[in-house]
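Here it is, the structure, as structure tokens.
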Amino acid sequence: MMVVGIVAIAAVVGPSLIYRATGFTYDYIPADSNLVKSFPPSWTHPMGTDNEGRDMLARVLLGGRISLMVGIISTFVSLLIGITYGATAGYAGGKLDELMMRIVDMLFAIPYMMVVIVLLALFGRHTALGQLFLLFVALGAVSWLTMARIVRGQVISLKNQEFIMAARATGVAQWKIVLRHLVPNTLGPVIVYATLEVPAVMLLEAFLSFLGLGVQAPLASWGSLASEGIQNIAVFPWQLVFPGITMALTLFSLNFIGDGLRDALDPQMKKS
Amino acid sequence: MANPLISIRDLKVHFRKGRQVVQAVDGVSLDIQPGETMGLVGESGCGKSTLGRAILRLNEATSGSVLFNGKDLATLKHSEMQRQRRHLQMIFQDPYASLDPRMTVAQILAEPLDTFGLYKGGERDGRIQELMETVGLSPRFVRRYPHEFSGGQQQRIGIARALAANPDFIVADEPISALDVSIQAQILNLMERLRRERNLTYFFISHDLRAIRHVSDRVAVMYLGKLVEIADAKAIYDNPLMPYTKALISAVPLPDPKIEATRKRLVLEGDVPSPINPPKGCRFHTRCPWAIPDCRQAEPMLREILPNHWAACIRISPEQPHIEQAAPQASAASEVTDDPSR
Amino acid sequence: MNLLSVRNLRTHFDTDGGIVKAVDDVSFDLAPGKTLGIVGESGSGKSVTNLSVMRLIPAPPGRIVSGEVIFGGKDLLKLSTEEMRHVRGKRIGMIFQDPMSSLNPFMRISRQLMEVTELHMGHSGKQAREHALEMLHLVGIPDARARMDSYPHEFSGGMRQRVMIAMALSCRPELLNADEPTTALDVTIQAQILELIKKIKTEIQTSVILITHDLGVVAGMADSIIVMYAGKVFERAPSFELFEKPGNPYTKGLLMSVPNPRSARGELYQIPGLPPDPANLPPGCPFAPRCEKVQDICRREFPPLVQLTPDHESLCHFAKEVYGESAHLHS
């Protein structure tokens, strides 16, 4: 299982490295002044070109970089918020827990897409980088809710385990118990959820870009590529097919990474 | 008697369960002398684990006091209690569950040392090694994880952790119940040796009457949140006075077929009542073969029926300690002013 | 003629760590109307032996490799699954350790009881219900008629165990198989259940196999006892004989390490070391690493089964010596 994890990590990290390398150069085929600038796959352009004549491979790679960044950073943000919130609520219990969870319930009720769209519409008109950043935060901010619930559930079930009581009997301070004992033992489900979250966020971003709210050209994300590609699907199918396949493969291997990571971190699998 | 190490006075721990109140511990008073092993025996639901945890303030007491070295642990400020914890440690029932599965043995043993700022720097490794050897584990294994050890070894780690900060008092909550018979003997012997060597005081909680008899100096019997009998270990087993204790002792199967074949067992009817709604009056009267109508009225107090042998039953007295021969009425002198625990 | 005759039973499990010989050449007999106690610690193979007799071994990873289980003249291991199903419940009843997990929490008690007789005895609904009520009375459930339609969680542990016994005995089986029936119960409830089993044994005239790690329980219940270690029978003897004159160092060690309330206080005898890893047994005698009487030969050669008396066998190179030395262990 660990082997699969490592392979999966390599599979995805590899391309990321390539992304980084080629991300700096996405060739333009200088406007060849033809009306049709979009060419099917050829040796110089393995994935063909898009409507503007830009090399699809480069755009897919760049898009991948951005999509992955969005997915990972957003999930990371939601992890941070979710774990802190969930662990506190779970450990505190009682009224504080109830209050915190009611807040979560209320936030859950808000249609998050609306929130993100509104946020982006209001604040997203500045620099491209600023928009990306806002995208990260917005997506992370709405997905922490489920993470908080998961962590809280784990903490509650762990809280009454004897080793936690033993830590209290030893005199360990409360915050230390949460940090050193509870949180590390919640990592199992958290990691699994996080690796499900990354693809979900990526799809979310794709949707937003599809709507035109996300990444703008010439930057690309898989979502924006898909949205561009779908317009010409009958004529230039490669514009959609390649970004689509790449995205699917990546999401698939992310799940394996999740499994591998979780097993790697499980002390029961560890031998000293 | 000499000054007790721990003095519990009228300790109550009530839990709220929805609209109901679970009277887990309902007015327990007990003295534990330094250097002794005080056994606490009772069946499930009697509140013995809750009592053990309440002494160490792992459960908050609803009322009452726990005096240690002149301080009332039940009402100490949180920070002050944390300091006192150094002297009061616990060994748990489930050896594996009491160890953080993500920490190595070295980390587990280092935690109490860190908490109390002991054996810092260069001394640390030496102390950990010493602890391992004391409990009979090879120091080679300090970097291993709990799951790599057997149940008995895990319990030894738990004991080592409890000893790390040089405590005076250890609450052992069913420390051998989860272990195989041949390993139980090992752990009991280890605990006894440590007690002698380090002058420890144990509060040994168990449902296993045979083990309790073996390790304890004195034994307290608990039923539905109250203590019903306190005496020397030998006295409890050879001469139980209170009917519940009699039934308990009688129920223990002895590894001797000759005795088993011929003994007349006292078998109780019915189930243990719930601590949410304990019976009125004497809590045991619903199952007691010697119950009389008066038993439903008054809650019996612990009285010194024989020298150093306390029992809570209205039908027996110093004049007539044996209930089989007692007249079917409450004995005289049921007003109590005696301190039941010394 | 014996009710049950187990001969050379071998059950193996395929695990990542190798083949575990959970039951390794086990033989014993059970006469009608008698109680056999199987004693051992965790990993000794006692539960697996029992499950093998009942053919309840999960396969994979387990398989019964060889042996015979002759019950009422037929070899159970050779029966088809269908035929075996008719044996279980009807001719052999089983009680398990944890009554909560062996009763269906979603089914009323009455239903669970009725299921047994409807299946095996062809009762109609009405007959099954009457019979169930009878069984509940037999096992001492108070207020049975009113309570029989309750769910398991509405009963206490002791009551649930009684219900399980009622289920096991519904069809008046010839053999009652009890696997650690009282381990999860309080001492006073345990006493109740053991008395119940004794009473029922005489009333229904069933034989009993009682599996436990508790020597006290087995002393009070069993006519004959086998002691298991590392998948093998280390000693077999009538109950009185085993306790007074054990012929095997392991048995002796076990007897000495149980705190006896009647004996004086002092250091408990302890068997050193740990129970063996069933996947990695040492050559020679499996108990050699922990035995106080161990000699060179014990480590090299597997011990012989020594016949000490017609009813008493011990697996040990020095069985005769140990047997001779055994005085009364308990005053």
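By letter and in written order, the chains are A, B and C; residue numbering begins at 1 in each of them.
One rule holds in what follows: a contact is a pair of C-beta atoms (placed from the backbone, for glycine too) under 8 Å apart; a residue touches a chain by one contact, two chains touch by 3 or more.
Not measured: the values here are computed from a predicted model.
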- Task: If we define chain centres by averaging CA atoms, which chain lands farthest from chain B? Would you check?
- Result: A
- Message: I want to compare two interfaces, B-C and A-B. Which one has more contacting C-beta pairs?
- Response: B-C
- Approximate Å spacing (C-alpha centroids) for the pair chain A, chain C: 55
- Query: chain B to chain C: how many Å between their CA centres?
  - Reply: 32
- Query: How far is the middle of chain A from the middle of chain B, if each middle is the mean of its Cα atoms, in Å?
  - Reply: 52
- Note on the structure: The chain C residues in contact with chain B across the complex are 41-42, 142, 156, 158-159, 186-192, 194-195, 213-217, 219-220, 239-240, 243, 253-255, 257-262, 265, 267-272, 274-275, 330
- What does chain A use to touch chain B in their complex? 161-163, 165-173, 181, 184-185, 267-268, 270-272
- Task: Show which residues of chain B lie in contact with chain A when the two form their complex.
- Result: 53, 56, 58, 82-83, 85-86, 89-90, 92-94, 97-102, 104, 111-112, 115-116, 143-145, 147-148, 158, 161, 165
- Query: Can you list the residues on chain B that touch chain C in the complex?
  - Reply: 43-44, 150, 152-153, 180-186, 188-189, 192, 207, 209-211, 213-214, 233, 237, 247-261, 265, 267-268, 270-272
